[in-house]
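Two complexes, one shared chain (chain A), two partners (chain B, chain C).
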Partner chain A sequence: MLRFAARRLLAALPVVAAVSVLVFLFLRASGDPAAELAGEDATPERLAAIRAALELDLPVWQQFLAWLGQLLHGEFGRSLISGDTVARMVGERLEATLSLALATILVSVLLGVGLGMLAARHRGGWLDRAVGLVCVGGFSVPSFVVGYLLVWWFAISLGWLPAQGYVRIGEDALEWSRRIALPAVAMSTVFLALIARITRASLLETLDQDYIRTARALGATEARVFLRVALRNAAVPIVTIIGVGFGVVLTGVVVTETVFNLPGLGRLVVEAVLARDYPVIQCVVLLFSVVYVLLNLVVDLAYAALDPRIRY
Partner chain B sequence: MAEPVLRIEQLSVALPPGAERGHAVEAVSLEVHAGEVLCLVGESGSGKSVTAFATMGLLPPALRITAGRVLFHGRDLLRLPPAELRSLRGQRLAMIFQEPMTALNPTMPAGRLIEEPLRIHTSLGAAARRDRVRELMALVRLPEPEQLSHRYAHELSGGQRQRVMIAMALALEPALLIADEPTTALDVTTQAGVLALIKDIQARTGTAVLFVTHDFGVVAEIADRVAVMQRGQVVEQGSAEAVLAAPQHAYTRALLAALPGPGNRDRPPRPAADLAVLEVRGLSKTYPPRGLGLRRAGVAAVRDVSLSLGVGETLAVVGESGSGKSSLARCIARLVPPSGGTVAVAGQDLSAPDVLLPQLVQVVFQDPNRSLNPRWTVGQSMVEGLRNLGTPAVEARSVAVDLLQRVGLGAEAMARTPHAFSGGQRQRICIARALTMRPRLLIADEAVSALDVSVQAQVLLLLGSMQRDLGFSLLFVTHDLHVAVQVADRIAVMHRGEIVEQGPALAVFRQPKHAYTQELFGSAPGRRRAWWREAMARLD
Partner chain C sequence: MIGRRSVALGATALGVAGATRAAAQGRSVLRMAKTSIPRILDPHFTTSFTERDFGYLVYDTLFAVDKSYTPKPQMVERWEVSPDRLAYTFHLRPGLSFHDGAAVIAADCTTSIQRWAQRDGMGQKLAAVTERWQVLDDRSFRLVLKQPYELVLASLGKVGASVPFIMPERIARTPGTEAVHEFVGSGPFRYDPAASSAGVKLVFHRHAGYVPRAEPGEWASGAKRPMVDTIEWIEFRDGMTAVNALTNNEIDLIHELPHDLAPLVEAERDLRVMVHNEVGQLGFVRFNCLHPPFDNVQVRRAVALGIDQRAFLEALVGKPEYYQVCTSVYSCGSPYETQQGVPGFNLAAAREQLRASGYDGKPIVQFHATNSATAGPIGEVLTRALRDIGFTVDVRAMDWSTFTRRRLTQAPPPEGWNIACSTWTAPDVMDPVVNATLSGAGKQAPWGWPSVPEMEVLRERFSREPDAAERRRLAAEVQRLAYDQAIYMPTGTFKALAAFRSNVTGLFPAPALMLWNVGKR
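Up next is the complex of A and B:
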């Protein structure tokens, strides 16, 4: 198992490297940050001076090597626009995004698996149909619409929760949870629906298996059959979809962060892209690709833990 | 006579509307006494398994019990509140199933599985449960309980799996054990061990056993009494010897007469074929090791096999699962590339790039349900091969219709999809489809193993007559010695990838020389009963 994990991490290095090269090249083909910095009526001399100061006049391969050298020293460079270190900028935004993503996963998994189990237990009944309806709703209403509806209801009409903004968990954990609740629920709707559907389908398939009949023949109660035997055997597809969903959630934070005015990575990336702030974009993309690689590894390891037939 | 453990009175189970008949089980009455094995025997669809499942209260929801009583020690199980029935199940009533691979929870190790009934029904502590699991593993003769109890179902052999299943069923010393085809998925030598185990435990504990099977040899081996079922009804019931050695009902007689064996041979002795259609020299197949990186030796499935097959001749390759017989067939048909050796059909080396394989070799597989594309009409499946070779549609169609008629199906079969046909008819379609290519060699890989005994007899007859008409050579792969001796001119016995014995079919069957062949033949169920041997000899 450890060997497998180590091998998978080594195998992922070229992927991360390729991602960083591609991003580096595409960015430099896409536009000129010096023009953004200098403003609309800058003289050519002024532009050239800015380029020289930011070392953008060097050949691309030299720029790449310089960036690579920084990386190997654990540095991500400085923002071209603000001059802050990228590490600090990203570090400041990481907490909000991670909070949002993890809270979203938590809400989606708890509710999604719960609803899916409910639907499978009452297959064909009105509860099953009701859950199906909730899932269709979750799939079809965009998260920003859900977000605004939640704000209107819980924040404006009822006044129970704040409408926007973020408080660090270290400052005030209760206030943090009040701020993160609405965006997490808004973001979880699609994901929740997906998990509920997969859970239902996987459970129904498992409930058809011969070993379920064996469990009943041994006198197991329906609750035992359902929770101890069926759910465990139905887990692999559910874990797969949770893994995929986590990735989707990470990329989906942009819209929700905007709606709820959260200082997260999503908004940082949008600002950086608009300003062609190369080092910031590169750092965030690199970070995300590493997260994806780790995520896939965790999912694969979870397979082996859940199903003894899967061994690496 | 003492009160029976189980008394089924006039049990009827309705099939869902639209089924071919109204009832799966109709007015069935049975008794099973303590210390007795009652075999319920019949072909698929006869209602024998439905009767067993109705007794356990495990019928699928689509099947409804319409009449009758199922009395267990005098209490009617059909009218018991669910909680009370549940407390009987696994404790007083236990069941073992046909396919232990799918019947065992794949995510629980063996020890934990055997522990499950103890957890459900008793308040024993962990240490006491562990001791009982050890006892049970010893009882069912599972070796090395320490290691085995940590293995999962997929890491056990077929026989070990069924022993785990039996240990689960016996954990709380039930008064009634219901066994639904418990040895059907096992090899014949493994089956012999499991049957002996059930019989032995039953003699020691006095458990009443209701044993469902389609195999008369198994009945002869294990039954005290037998009930023969046909189309949902019990047509004959009595002591095993009375029913099997002197059957009264016409259906029982027909079933016994359909049993494969030398008595049903329809092959005149033939001189050794001069012209070889199939020539296999030094064939071997080693499967690469699974998994990455680790240096492990591959699995040698076929080792240095040589054989030849003449024009119109049939060679049966007999062996247990894992003997390499299917790998051999697959290598010959080049469904998998051999690791070494040569295969020539009609003088053409099959590894040559320009060889027209489909016209030389065709294969009929075990399961006709999975061999036919369910979304295609039979006509589409039948003409596909010829059309791929560029035969005009009209001509391909006429070949297909001709062959369908030869296998006993009409031209109207062309327009229908496979699910409109029974298992036996589907296998006929598969045979006809293989023969559209006019192959020189037909390989039948366990082609009748999934069929009921009467259907099997028909398909075997059909294969023989098609062979006489069309003149192909037949390589018949089977685990069933009796089928082999019925269809083949020669038999080759495979064991661990090698052919250990080869010779004329009757000679190998009557005087096996190799120790493994003798063990294989000696394991055939029912052989230790003199009256069964005599009855079989009369059929021969």
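Up next is the complex of A and C:
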């Protein structure tokens, strides 16, 4: 298992490197942070002076080597716009995004698997149809609409929760949970629906298998059959979708972060893209590509843990 | 020996400690939402309005204009002008101190002004006529000119970006091409980097050592009294989220409320809406004068005749109370506002003019920054207007950052462009010199590069003219020439709104974010 993990990690290195090179080249083919800084009445001379000060006038290969050199020293450089270290900027934003992603996945998994099991258990009944309706709603209504509705109801009408903002978990854990609750629920609607549908389909397929009939014939209780036998055997597609979902949530939080004014990585990367703040974009893309590689590895390892027939 | 700087340092440190304690106790914190917060923070380095707003909280200026655009002394106590108008001697007010406790001295002012002049268009004009800056003593300094220049005080008091803020000499020695990373000013509020979070929230505390002027405050001039212990400037990318936070009593003030959200705020009993920036922002259409068809003044005049400001303003704002048709190339309400040479909207005449110009129907390239809240809608109306006049338009949609880069290319389309639009704030176009879009310096002019040598002569004469009436006449002549040559076309003025809770007091109309004299009940 360890050799497999090491092999997978080594195989991922060229992927991460290729992503880095492509992002580096594409960025330099688009906007120019110097033009942004030069202002409305910019003259070619002023633009050239700013480009020289930011070392953007160097050949692209020299800029790339300089960035690579920084990476090898464990540094990500400084923002071209604010002058802050990129590591600090990303570090400050990481907690909010991770909190939102983990809370979203937690809500989605708990409710999604639960609803999927309920629907499978009552196949064809009104509960199954009700769950189907919830899933269609989850797929159809955009998360920002859900977000605004939740704010209107729970924050403005009832006054139970704050409408926006973020508090670090280390500062005040209770306030952190109050701040993360609405965005997590708003964001989980799509994944909840997805997980519920996958869970239902996978369980129904498993429940038709001979070994389920055998387990029942041997006198196992329905709860044991459902939770210990069927669910475990149906888990592989569910774990796959949770892994993919976590990656999508982590990299796609910008709308929810904006609606709830959360200072996360999504907003940081959008601002950096609009300002062509190259070092920040490069660092975040690198981080996301590493996260995707690790997520895929974790999902693969989870397969083996859940299904003894899978061996690497 | 204990110097003046050391005494002031001690006094300020005590005051700062007191203010910090007050904030920590949760007393009078003003939480303000704005669409963006500054990233660079150096107000000399960039023309960004957010950095200018940051600057007004943290720094002070030698002069500042009132709402009639008249420069008033701010850090300066008194000044003299030599009879030949070649020397300006300034004397600082007593008791001015920076947030680190050091007293403000003359060398801080001369160094700061010279740094600002490296980057700002108005500053560069002042630098071009400057013989030298001379420190006379700790509180006095002199500007010696090579030739009379009548815009010295207007330059030092300008309110549009970028503003000549005063920094400590040690910081102001940083070259203008390099942003400073220490933000120590002598303004009414002290920036607290430790409590701030980059791109999320900026925190300011009352500068206990600030000595306000005795005159009533008006715009950036007169008394600046910090009325709250702490200001938190929080970024809200989404206007609706800011309104939700205001309604839920999580913030106190929204600066630059989106116009379409005003009815929601007005419907709430505890919330108020006011026109915060009455002089507002102005949209404009810019031609690339280097390449066909807009190298032909006849074609530019056709567009000038086909611009209906009301269509642009309706698309952008929608509510007549919040916009103003303003055909002057100077901001409406400014001393130089005039109707000289205004062509007036006449679509039939525009079409006829285009036919007569010899335009061959070849597509013109319009650069369109779609993600700009202001230039985006203006660009959409421009496309429609150009097609109505008879142009074939090839719209190139892009984000603002790409737009700011690509508009600087002087190459012909398809790499370059033919027509585009953007916005100014009213103080940035208040006279013929500060309005850089009026430049007729060809390839040395800002993007668009119109070559109208007569315009440069007029602007130069304006800057040297001591007589106010003659300056007004020259300004009118500049406008006549600008419209005759169709250098650019204004698309109207739109006003900025503020929304606030009813317990916020003292908010006053201003052309920038100015939070002194603003308190909470």
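Definition applied: the second predicted complex is superposed on the first by the 312 of 312 C-alpha atoms of A that agree within 3 Å, B and C clash if a C-alpha of one lies under 4 Å from a C-alpha of the other, contacts with A are read in each partner's own complex, and residues count from 1 in each chain.
The working rule: a contact is a pair of C-beta atoms (placed from the backbone, for glycine too) under 8 Å apart; a residue touches a chain by one contact, two chains touch by 3 or more.
This structure is a prediction, so every number in the text was calculated from the model and none was measured.
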{"item": "First (chain B), second (chain C), both or neither touched by A:73", "value": "neither"}
{"item": "Which of chain B and chain C A:162 touches, first, second, both or neither", "value": "second"}
{"item": "First (chain B), second (chain C), both or neither touched by A:258", "value": "second"}
{"item": "Contacts of A:53 with chain B and chain C, given as first, second, both or neither", "value": "second"}
{"item": "Partner chain in contact with A:83 - chain B first, chain C second, else both or neither", "value": "second"}
{"item": "Which superposed partner A:229 touches (first chain B, second chain C, both, neither)", "value": "first"}
{"item": "Dominant toucher of chain A (residue count), chain B or chain C", "value": "C"}
{"item": "Touched partner set for A:35, first chain B, second chain C, both or neither", "value": "second"}
{"item": "Shared contact residues on chain A - chain B and chain C", "value": "none"}
{"item": "Chain A partner contacts - residues on chain B that touch it in the complex", "value": "56, 58, 86-91, 94-95, 97, 99, 102-107, 109, 116-117, 120-121, 152, 154-155, 165, 168, 291-293"}
{"item": "Residues of chain A touching chain C in the complex", "value": "30-44, 46-47, 49-50, 52-53, 79, 81-84, 88-89, 92, 148, 151-152, 155-156, 159, 162-165, 258-261, 263, 267-268, 271, 274-276"}
{"item": "In the complex, chain A residues that touch chain B", "value": "3, 7, 209-211, 213-221, 224, 229, 232-233, 306-309, 311-312"}
{"item": "Of all residues in chain C, those that touch chain A in their complex", "value": "39-41, 45-48, 119, 121, 161-162, 177-179, 181, 197-201, 234-238, 240-242, 244-245, 247-248, 250, 371, 399-402, 404-405, 408, 410, 422, 424, 428, 436-437, 443-444, 446-447"}
